[in-house]
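These are the structures in question, set out in turn.
The two complexes that follow have chain A in common; it is paired with chain B in the first and with chain C in the second.
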Partner chain A sequence: MSLALHYIANLLLILCLVTSMIQSRFLFNIQNYNLFSISQISAIQFLSILVSFFILIFLFITSDFNFDLVYFHSHSEKPLIYKLSGVWGNHEGSMLLWILILVLFNFLFSLSKSRSQKFKEITVAVQSLMIFGFVLFLLLLSNPFNINNENFNDGLGLNPILQDPLLAIHPPILYIGYVGFSLIFSLSITGLLTSEVDKKWATIAKPWVFAAWSFLTAGIALGSYWAYYELGWGGYWFWDPVENASLMPWLSATALIHCVVVLQRRNTMQSWTMVLAILTFSLSLAGTFLVRSGVLNSVHTFASDPGRGLFILIFLFIILSSSFLLFALKSEKINKPSLHNISSRNTGIMVNNWLLISILIVVFLGTMYPLATDLLYNQSLTVGPQYYAISITPIIILFLFFMILSPQLSWRESKLLKILNEMRYILISCLTITFLTTLYFDLFNFTEILIIFLSLILIISSLSLGLNFKSTKVIVKSNFGQSIAHAGFGIFMLAVVSNAVYSQEKIYDAKVGSKLQLDEYIFDFKNIEQEEKDNFNSIRAYLSLSKNGKDLGEFSPEIRFYSDPPTITSETSIIHQFFSDVYVVMNVPQNQESISLRLHIKPFMNILWLGVIMIILGGIITAILNRKKYEENAIN
Partner chain B sequence: MTDTVKKRLIKFLVSLIIFGIAILIIVYNLRDNIVYFYSPSEIIENNQTGSQIIRLGGLVESESVVSDGDSIFHFNITDGQEQISVKYQGILPNLFAEEKGVVVEGIYMNDGRFIANKVLAKHDENYMPPEVIKSLKETGKWQE
Partner chain C sequence: MKFSFVPILVCTYILLCFSALTEETRAINLFKEVRCLVCQGQTIHESNAEIAEDLKTLIREKIDEGETDKEIKGFLVEKYGDWILMTPPVKELTYVLWFAPIIIMAIGLIVIFRRKIAKA
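Right after this comes the complex of A and B.
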């Protein structure tokens, strides 16, 4: 049985390899093969990978330890959901998942309506060339279907910290984001090859780029939320190299979605859009694989293997050099003279593009600097989070300013004074709110006050642009997605700043029965219990929380002792209130009498996640709302 | 100068200024926020005392961990040649254990003690910080 599955899976991978080769023939002007249509071959590509992915899932669920991958990364006593997430909790499996999404996008695109048959053929060909490269890599260097000749009774298990429902869905979501940009990349290459980067190109690319961006945002957010409650450090973002690796493509993708909109509306910024499309995909590739290659020193490195990093670096080099060469050859042809005034929306978007790229450079330097000094001077060092905070804050302030201004500007020309006049009520009300908050909370840091003020204006002005308030009803405008996302960003920034200012933490050595205090909260430490669960033993502490004599709920932080592999994890316990989270982590007891507890008050966390959800929703709405227009334009 | 050239020039200059300022701020900040990593031998050799925050990494020496209540811990970090005694108040990470790799962040005092404000943990019980592997290899204490 195992042997049969091993052969079937490998044959399916080879089938995908062959079909991808057939698909990429359009790049080389070979037309004499017309047995199946493009979408039919794409369907074969997709199905072959889908079935082999199902085989891998089947192997994990049935715990077939004849396969290396299952033996190293699974265990028969693991709950079903973690057997499933074990499929992509390792290098080979996550590669297969990556390829599955790659062929899925290829398949979906081949079904969609496009500007011309030729345009579709070339796009699918570029995409298939990439599929070919990755499947070849999978077969030769990281085959998930390798079998062993031993008869292992049980597997080695999955790192317990990864045994978390959120982390089971985090990689697929993040990968859909990353891989989505492969299609944008293929579209760009096609656009460059055919010299057709124009309004129609943008109309075709727009839903894909917004969908990919939404998934990438959601993937990063899930990872951040996981770190917030699972790692128990009280933070949600640590400027860790792996987090930065996912932030960099996001920054460039955020610039890209705005360029695509400008291209669609004004038929300008062609070169810049192409550069960003290539950059975003390269950063996505680097993001996924440098993380897995172990080049980046990080707390999040789980499955690392330096040898494979080399392949990715070579692949990255080929993609970057060939696409930028193509760009250099073609950029003159695709550029149209731009006719717009300096005080137009184009300028605003352009400035914010530059600001986003500046943040990208900050993050890039901070992430790569330690690598460089290690290689050049053999000196290990780390860049502290302060660096990011101090460098990015001034950029964010400018960014917020232009984010408020740009949507108010028209595409052609606007008078700044007129805009100021139109916005006077918003400005005055926000100034008043900021002033009152400042007084109420004793906030006297100018930077923080400025960010709060700008964020407030952003929230209100964005919402008022997307909604039209008539006397009796509210009309949702076509730019509702943008409005929601921008307001969400304002809410997010507001929460980030307030959270940074008002977070509190305290560590206690507590005995059962004692009462602990942090700010106005009283923690009543009730008891400790030991429990035995399916695949771990746990020690649980019970505390109740009250404020001003009012009961707010129960905490039950936990320490888990896993045996396969032997690991200890802390489970945080969080009470979510509207304005602040109260957060308790316990430590492995060092002695019998007392136990270390760390208490956190994290204000505005709910509001922070609300902002993030609005940003994601905005992206999804834009991707979907655009569809109708997209179909119409594509046919014409 | 024609209009388009003028516009391009303005655009170029504005971008250049924004870009230049950004890079300046970045480099200036980067220099101030670097935390260097040392092994115990390097710290003792260079006598890295002072107010600068540094990282120290190595193995937790066996039978050196002492707790004196209030979440205060004392332990020694060794690279096989030298050891440095570390004082830390806070919660030790779950994967902190004797004879395992550890990285601490803090200040090395004049009296030869290291006051740590952070003990860094990794997710994986088999994971060893690359810096620690490197320094252990240099002192010949690294075992595969």
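Right after this comes the complex of A and C.
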């Protein structure tokens, strides 16, 4: 049985390899093969990987320890959902998932309407060439279907920190985002090869790029939410190298989606759009590489293997060098002369593009600098959150300013004074709100006040741009996606700043029966219990929370001791309220008498997540709303 | 005249910013600046490892002895290297880290605005 599955899965991978070779023939001008259409071959590519992925899932569910991958990363006593997430909780499985999404995008694109048969052929060919590279890598260097000849009774288990429902869906979502940009990359290469980077190109690329961006955003947000409640450090973003590795493609992708819009509307910024498309995909690949390589110290180095990182580095090098060479040869041809005024929406978007790239440079330097000084000068440095806060704050202030201004400007030319006049009510009301809130909350830091003020204007002005308030009804305009995403960003920034200012924490060595206090909250430490569960033992503390004599709920933070593999994890306990989260973490007990508890008050967390959800929704809405126009344009 | 309250507001804010720091907040601010030597990416404030506790006691003692934040950080850097500080100090080795982003940003913005003006 195991042997048969081993052969079937490998044959399927080889089938995908062969079909990908056939698909990439268009790049080499071989046209005399017409047995199947492009979409039919893409379907074979997709199905072969899909079936082999299902085989891998089947192996994990049935705990077939004859397979190395299952033996190393699963355990028969694990709950079903974690057997399932174990499929992509390791290097080989996640590579297969990566390839599955790659062929899925290829398949979906081959079904969609495109500007011409040739355009579609070349795009699918570029995409298939990448599929070929990755499947070859999978077969030769990290085959998930390797079998062993021993008879193992049980597996070694999955890292317990990964045994979490959110983490079961975080990698697939993030990967859809990362890999989605492979299609944008293929589209760009096709555009460069055929010298057809224009309005039509943008119309074809737009839904894909917005969809990929929304998934990437959602993936990062899920990871962040997971870190918030699982790691128990009381934060949602740690500027950890792996988090940064996903933030970098996001920043570049955010610049890219705006460029695609400009290209679609004004037929300008061709070169810059191409650069961003190539950059975004390269950073996505590098993101995968960083997570997998273990080059960087991080909480994520659970699936590390330096040898395989080398392949991704080589792949990255080939992609970067060939695509930039192509770009250098073709950029003259695709660029159209652009004529527009200084105070136009173009300028605003260009400025914010550059500001996003500046933030990207901050994140890049912060992540790579300690490595560089260590290698070159043998001096260790720590680049903590403070560096990012100091460096990004001035950029963010400018960014918010242009984010408010740009949508108010027309594409051609606008008078700044006129805009100021139109916005006077919004400005005055926001100034008043800011003034009152700062007085009420005793907030006296100028930078924070400025960010709050700008965020407020951003929220109100964005919403008023996307919605048309008539006397009786509200009309949703076609740029509703943009409006909701921008307002979401304003809400997000508002929450980030207020959270940073008003977070409180305290560490207690507490005994059962004692009452702990933080701000106006009283924590009544009631009990402590030991429990035995399916795959771990736990110590659980019980506390009840009250404020001004009102009961608000129960905490039950927990320490878990897993046996396979032996690991200790700390489970946080959070009470969500509308304006603030109250958060309790238990530290590993050092002695019998008391237990060290860390209490946090995290204000505005719900509002922060609301902002993020609005940003994601905005992206999805734009991807879908664009669809109709796209179909019409593609036919013409 | 409509906005005459703005400068008054700004002045009030700035005055109130200079509120005195107590010793305990000074200590906690310092804890957040110092990296825990044995754990990954945590400050001694977040960590309850033994070495982190020792460092906390040390910093508290130094504050009691009347040393300034700068002196305490200087002592730690001398003993453990720059690595101990969560935020890298501004010096020759870190010029690129601290100033490159702002310079690159400025150059880019100048290019954008100059090009546009030339074409307008």
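Just so we're on the same page, the second predicted complex is superposed on the first by the 636 of 636 C-alpha atoms of A that agree within 3 Å, B and C clash if a C-alpha of one lies under 4 Å from a C-alpha of the other, contacts with A are read in each partner's own complex, and residues count from 1 in each chain.
The rule is short, and it goes like this: a contact is a pair of C-beta atoms (placed from the backbone, for glycine too) under 8 Å apart; a residue touches a chain by one contact, two chains touch by 3 or more.
Note that this is a predicted model, so its numbers are computed, not measured.
Annotation for the three-chain superposition on chain A: chain B and chain C clash.
Once chain A of one complex is fitted onto chain A of the other, the partner contacts of A:F435 are limited to chain C, with no touch recorded for chain B. Judged by the touch definition given at the top, the superposed model places A:L420 against neither chain B nor chain C. Contacts of A:I559 after superposition on the shared chain: chain B is touched, whereas chain C is not.
After overlaying the two complexes on the shared chain, residue contacts for A:S358 are found with chain B and with chain C alike. Contacts of A:Q379 after superposition: both chain B and chain C are touched. By the touch criterion defined above, A:S596 lies against chain B and chain C together after alignment on the C-alpha atoms of chain A.
By the touch criterion defined above, A:I314 reaches neither chain B nor chain C.
In the superposition on chain A, contact of A:I81 is made with neither chain B nor chain C.
Of the two partner chains, both chain B and chain C are touched by A:P394. Residues 297, 299, 342, 350-351, 354-355, 358, 361-362, 365-366, 369, 379-384, 386-387, 390-391, 394-395, 507, 587, 590, 596 of chain A are contacted both by chain B in one complex and by chain C in the other.
Of all residues in chain A, only 233-234, 238, 240, 297-299, 338-342, 347, 350-351, 354-355, 357-359, 361-362, 365-366, 369, 373, 377, 379-387, 390-391, 394-395, 431, 435, 438, 444-446, 449, 507, 587, 590, 596 touch chain C in the complex they form.
Within the complex formed with chain B, the residues of chain A that make contact are 159, 161, 297, 299-302, 337, 342, 350-351, 354-355, 358, 361-362, 365-366, 369, 379-384, 386-387, 390-391, 394-395, 507-509, 559, 565-570, 585, 587-588, 590-591, 594, 596, 598. For chain B in complex with chain A, the residues that touch the partner chain are 4, 7, 10-11, 14-15, 18-19, 22-23, 25-27, 29-30, 32-37, 53, 55, 67, 69-71, 73, 89-92, 94-95, 120-127, 129-131, 134.
Against chain A, in their complex, chain C makes its touches with residues 6, 9-10, 13-14, 16-17, 33, 35, 40-43, 46, 48, 81-88, 93-94, 96-98, 100-102, 104-105, 108-109, 112-113, 116-117, 119-120.
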